[in-house]
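Take a look at the structures below.
Here come two complexes built around subunit A, the first alongside subunit B, the second alongside subunit C.
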Partner chain A sequence: MLHFIQFEIKNLLRSPFFGILSILLLVFILFAAYNGKKRVDNQLLAIETVKKTEQEFYDNHKILLDSIEKGLRKSPPQWFKNPENPLPLGAFRGAGSYAILPPALLSAISTGQSDIFPTYAKVAIGNTNAGKDNDNFENPFSTAIGQFDLAFVLGFIFPLLIIAFSYNLLSAEREQGTLRLLLSMPLNINVLLAKKIVFRYLLLFGLIIFLLIISFLLFGISLTNFDFVSFILVLGAYSFFWFLLAFMVNLLAKSSATNAMILLGSWLFFAFIIPSTVNMLAGSLYPVPSRVEFVTAQREIDKQAETEKEKILVDFYAKNPQFKRPATEGEKTWKDWWREGFAEDNYVLQLKNKLQKQYAEQAQAQRNFANSFQYFSPTILFQNKLNKIAATDTETYLSFQNSIEVFERKWTAYFETKFMKDEKLTVKDFESFPKYASVQR
Partner chain B sequence: MILHIAKKEFREALRDNKFRISAGLLTILVVFAMLVSWNYYQKVNQEYQQANQTIRSQWETQTPKNPHSAAHFGTFAFKPVQTLSLIDNGLDKYLGVSVFLEAHKQNTAAYKQIADQNDLARFAELTPAFVFVYLLPLLIILLAFNTITAEKENDTLRLLLSQGISFRQLAMGKMAGIWLILLTLLLPIFSVGLVLILVSENKSSAIGNYILLIFSLLLYYTVFVNIAVAVSAWAKNSNIALVCLLGFWITSALLLPKISSNLSKTMYPTPSAIAYQKQLKEDLEKGVDGHNPFSEKSKQFEDSVLKANKVDSVHKLPFNYDGLSMQAGEEHETVVYARALKNLNNIYFSQLGFYQSTALFSPTILLKMLSMQFAKTDLQTHYEFTQQAENYRIALVRDLNYDLKDNSNYGDWDYVSKDKDFFKKNVKFDYQPISFSQTLANTSLALTLLVLWVLASVFLLQQTTKKVVW
Partner chain C sequence: MLKTKDLSKEYGNFVALNALNLDIKSGDIYCLLGANGAGKSTTINLFLGFIEPTKGKVEINNLDVSQHPIATKEYIAYIPENLMLYPNFTGLENLEYFAGLANKKYPKTQLISFLQEAGLQADAHQKRVSAYSKGMRQKVGIAIALAKNAKALLLDEPTSGLDPQASNEFSNLLLQLQAKGMATLMATHDIFRAKQIATHIGIMKQGNLLKSFKADELSLQELENLYLETIK
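Right, the complex of A and B next:
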């Protein structure tokens, strides 16, 4: 056995191929890890900045309110600057609280959908679309090309390396004429082939773990956590698949060129043809909801609210006899504007929520269809698993969006109630402002 | 002689199982992709046309209201679907489809398709362009990698050369054979595409672009055929030829696009959304705010208007001051938004420029960009659309503010136009597609680079076919 390993190692080290490919792999992994780390750093910086702006805004208003309460200062004459008024602290001019999705420990390994969905959103009164509106500024072209991240290097490039090192294990012996020699010896040729494959598997897998650890240490990506273990396990299973495939193709006893073509064809099939065909099928069998139709349907609701305006307002004043309805637009105070606004918004919101749900369900149908095909390709499975570990998968972002909606309702309800009751904010109230609770992973 | 060799190659390829299977699969894939894409295009285009009509009638039939309130109510501009998106849907799913047009604010296009999909949608999508740009070069490699090395390995090369043919003539013959096979395969496929375009809308402008696309694809295939034959002429055996050519494909189609796209972002960093919005807010505050008459800039503007009209109060002006100040605010806001977006887009285009320059190392980068440009599913076309939507917004809001200024009294927010058809008479959004000559101008650099690639591959072929390397 020792003999065998010595021989194989010598063989590999002598071929310039191995050295070149290892160096290339090192460069790719370093570049990919660097890209991932940079993206996560930008995300952390953004989170820090928004937290700071929010903190500053509320600290300043708290101080102002404190001195008003103590009689040191007068309330500002303009209602929209007065911290005793719930609206300026809940609705506009920098008011609002951030819902934040912090990066996972291993977020750097896979970009996933992080260049599509925002990782933070500002929630203020009536900002019902906060989770979706906040556009990140990624160049759409580079999003379409895709990022050079570890998921790409390990999912797409690494199998090619595996193929390069194992496509001709027996065929090369045959082509060099050494196969006869081997056959004359008292050994089982399939066992020898298996040994060669296992040796290469351990070597390449070991090499890649080594390179990953180096790059993680270099860029300060956390290694000592359960996520890293599952990452390595997933990678181990994925590379095992490719070695197993190579083993079986070698058993077919074809020429080296044929082996290479079969293996490359499989790679093309699993990494490109299956995903792209599933994408196309999903698109045509379960088309994503037409968003232009969604927009016109929403508009229809806006118009309905306009025609129903009189009814909505009559209803509102009947239910809230404490408010007196102004006769003309000119007579309206800011309070009348806001009260009537809340009444109309609540009406519209109910209808729009229903519409939104209907469209979201249609989108989910395509996602489910596409997901059911992931088992047909190890590359899709691998990518999905890595996205999960990195918490950059669609599901994470969708549940983040949902949690933002919940938070927005809480936030709006809190300030709206205070405003409707005509209550003044106090310094003590600052502690009871709704807080965003992070989604549980 | 060359013709003889070509014929032989052609016949051999037809007999070869590997080629028959891969060519057959490829044809099925691309025709299937074309039909599905066409079907999808028809559906989306119909939705677009319908939505366009609906949104206009929703504007026209809105309840009578103060024109500035109508400007806040706003309307939408929808991004038209391009006919050639059935060949290459380019960036379509990564770009928003509708722009909300309202007073005071330029909104970005919203509702990206990708947000309605999942992780799998980030893999390649089976479009005709995907097959043309990424898979066909692989077929060429499969056809050509051993075209000369096999003759070396079977020792038939000596035999051939002893018949009096030069090595270069042999290579020419091989090339002719490969082209014969390729064209037999491609012409029917291209024709299917042409037929689908002919039964679609806006075909007249699409056909010109489609022909340009086919033309550049053929140049692209020329590069691959030349390089493949050159490598086969140079390589000692088929194995080496195959590894080199596959290495070239992997680098050109898989590695370089991602690497240079990432590098372009390092070279020209995209600003963070926070920094962008902060700058925007600061710039907005530097001008007139139509809704805040107390701001310093608003006061200054008011004084200047009073002075120019030689009155001492806005009530005495011969027009409604609110309309004028709203419009003044609008004009300031428009400039601020335009500048901010222009800066952002300039960064995007710098990134694209860097990306295109790395096409010197990868012809696939070039073709990917070209096919998107010809299909009008690229960033430039999107930018053009948002620009037109913005110009329309400016015109519409101006109409509304001037009606307020000219036909109502100061402070009269109950004012509605006496003209029942007022909203029907407002300007309409009329999208002007990018013209053929514009497309030519936009793509001229990439086309030049492509021609350079062809020349370089011809040179390589010339060098490697001078004499035989055994």
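Right, the complex of A and C next:
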């Protein structure tokens, strides 16, 4: 066996192909890892910035409130600047707390859905769409053509290198005339072919792990964690599939050109035809309303609320008679406007939630359909697994959205209740403001 | 060592080989003469197990090739008309690789002595095979046979395309191997070489072995006449 390995290594080292392949892989991996790291660094920077803004906002108000409580300053005459008022701290003018989905240890390996879904969202009373609209859009062109990340290099380019490395193991022997001599040796040619494939698999897999470790160390991506092990195992299984396919095609004993055609055709089939067909089918069988239709429907709800305003307020005052102003008391105060505003918002929120639920259910049905086909394409499966490891998969973002909704309800309940009860905020209250419980990555 | 019993090979209606009986013993050099398509290469391919017989049996060292396709190859070495080796490797490295495939491991000095015995000049041992002539590659083929410790040699027109000197050197090598007890089956068009080295000669036509005799029974001229008459 050692003799065979020595021969194979010598053979590869003397072929310029192996050197070119290694350099190409190195360049691709370094570039992809750099891209991934840059993307994650940008996310971290954005997160850091919003956290700082939030911190400054509440620190300033806390200091102001503290001086008011100690009698060092008077309450600001404008109600919307008064930190004793729950609304300025819970609803507007920079108020709100950020729900943040920090990048996972290996987020750099796969962009996944991170260019579509936001990784942080500001939660404040009335901000009913937090976490669903991404105000940090990527360049739409990049989103359309996909990112040059490690998932792309390993999922799409790496199989091509495997094919280039293994398509002609037996046919080349035939074409260069050594096959007859090989066949006259006391050996099973299929076993020899299997040895050659296994050797190339181990060599290429070892090379790629080495290159990944180098690039991770270079760009400071964590590799001493369980996620890295999972990443390597998934990569090992994925490359094994392509080598196994190459082995079976070699067994057909066709010419090198035919082998190359079959393998490239398979690559095209698994990496492009199946995914695009599944997407097309999912889109036709489970159509999700367009974004424009969705926004239009939301506006219709706003309109509906406007026309039903009177009824909404009648209902609100029927349930909360203490807020009903006698007609003799003159014009409405800002508090009346806000209470009525909350009543309208709650009505709108219920309808919008219903609409969003329908939209989300259709989108989920589409995803479920597409996911049920992932086992037909190792490339889709590989991409999904990498997204999962990088925590850039749809499920992670959806659970982030759900956690934002929970946080939104807590936040709204806290400040709205204080406002409705006409309670003043104290410095002590700052400690009990609802905190976002981060989603488990 | 090399034996066939009523060996036939048919491709549909075409009979490539018809009821061939051969018995080549250690130290024999059996030359098969015949025009193209006479069945010479088919016979060799059947010994190598590259094709399955339609009828009859092929035996190497009393082992049926069909039943023991790998074990029988331990006893044979094969040199095709145009022996090709790995061009990125030297003659020595090729020898080491093929010896290894035959489960034979030798120190470098021993491998060099095989190449020397096969007549490959010392300065060629470390040169890549891509720079070798056909004759030099044939010599590596003989060295592989020596390293395999083969008991029988299957040669498919090994001297075609060789210059007279290389052809003569090759013939001498075969005679040296014969002296060591090697059984050789050689398919050839070269009546002169056949007469020079063979112990036995067979003349084939359209899959049939029409004549089989000891080489010393006929002079070169008589052999040529018989050959021309037979294949007419």
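The definition used in the following text is that the second predicted complex is superposed on the first by the 424 of 441 C-alpha atoms of A that agree within 3 Å, B and C clash if a C-alpha of one lies under 4 Å from a C-alpha of the other, contacts with A are read in each partner's own complex, and residues count from 1 in each chain.
Criterion: a contact is a pair of C-beta atoms (placed from the backbone, for glycine too) under 8 Å apart; a residue touches a chain by one contact, two chains touch by 3 or more.
This is a predicted model, so every value here is computed, not measured.
S.K.: Given the alignment on subunit A, is it a clash or a fit between subunit B and subunit C?
M.R.: They fit: once the shared chain is superposed, the two partners occupy separate space.
S.K.: So, A:367: does it touch subunit B (first), subunit C (second), both, or neither?
M.R.: first
S.K.: Which touches a greater number of subunit A residues, subunit B or subunit C?
M.R.: Greater contact footprint in residues on subunit A: B.
S.K.: After superposition on the shared chain, which partner residues are touched by A:431: those of subunit B (first), subunit C (second), both, or neither?
M.R.: After superposition on chain A, A:431 lies in contact with neither partner.
S.K.: Which partner does A:187 reach: the first (subunit B), the second (subunit C), both, or neither?
M.R.: A:187 contacts subunit C only, not subunit B.
S.K.: With the two structures laid over each other on chain A, which partner does A:310 touch: subunit B (first), subunit C (second), both, or neither?
M.R.: Neither: A:310 stays clear of subunit B and subunit C.
S.K.: So in the superposed three-chain picture, is A:178 touching just subunit B, just subunit C, both, or none of them (first/second/both/neither)?
M.R.: Only subunit C is touched by A:178; subunit B is not.
S.K.: With both complexes superposed on chain A, which partner does A:14 reach: first (subunit B), second (subunit C), both or neither?
M.R.: second
S.K.: Measuring by CA atoms in the overlay, how small does the subunit B-subunit C distance get, in Å?
M.R.: Nearest C-alpha pair, subunit B versus subunit C: 17 Å apart.
S.K.: Residues on subunit A in contact with subunit B in one complex and with subunit C in the other?
M.R.: none
S.K.: Inside the complex, what are the residues of subunit A that reach subunit C?
M.R.: Per the touch definition, subunit A meets subunit C at residues 3-4, 7, 10-11, 14-15, 176-178, 180-188, 192.
S.K.: Which positions of subunit C touch subunit A when the two form their complex?
M.R.: It comes out as residues 48, 50, 70-71, 73-74, 76-78, 80, 82-89, 93, 96-98, 100-103, 105, 141, 144, 154.
S.K.: Could you pull out which subunit B residues touch subunit A in their complex?
M.R.: Against subunit A, the touching part of subunit B is residues 18, 22, 29, 33, 36, 39-40, 43-44, 47-48, 50-51, 54-55, 58, 61-63, 73, 76, 78, 90-91, 94-95, 97-98, 108, 110-127, 130, 134-135, 138, 142, 146, 238-239, 242-243, 246, 250, 254-255, 257-259, 261-262, 264-265, 270-274, 276, 294, 344, 347-348, 351-352, 355, 378-379, 382, 411-414.
S.K.: Give the list of subunit A residues in touch with subunit B in this complex.
M.R.: 31, 35, 42, 45-46, 49-50, 78, 112-113, 116-118, 132-148, 152, 156-157, 160, 256-258, 260-261, 264-265, 268, 271-273, 275-280, 282-284, 287-296, 299-300, 302-303, 306-307, 309, 328-330, 363, 366-367, 370-371, 373-374, 380, 383-384, 387, 393-395
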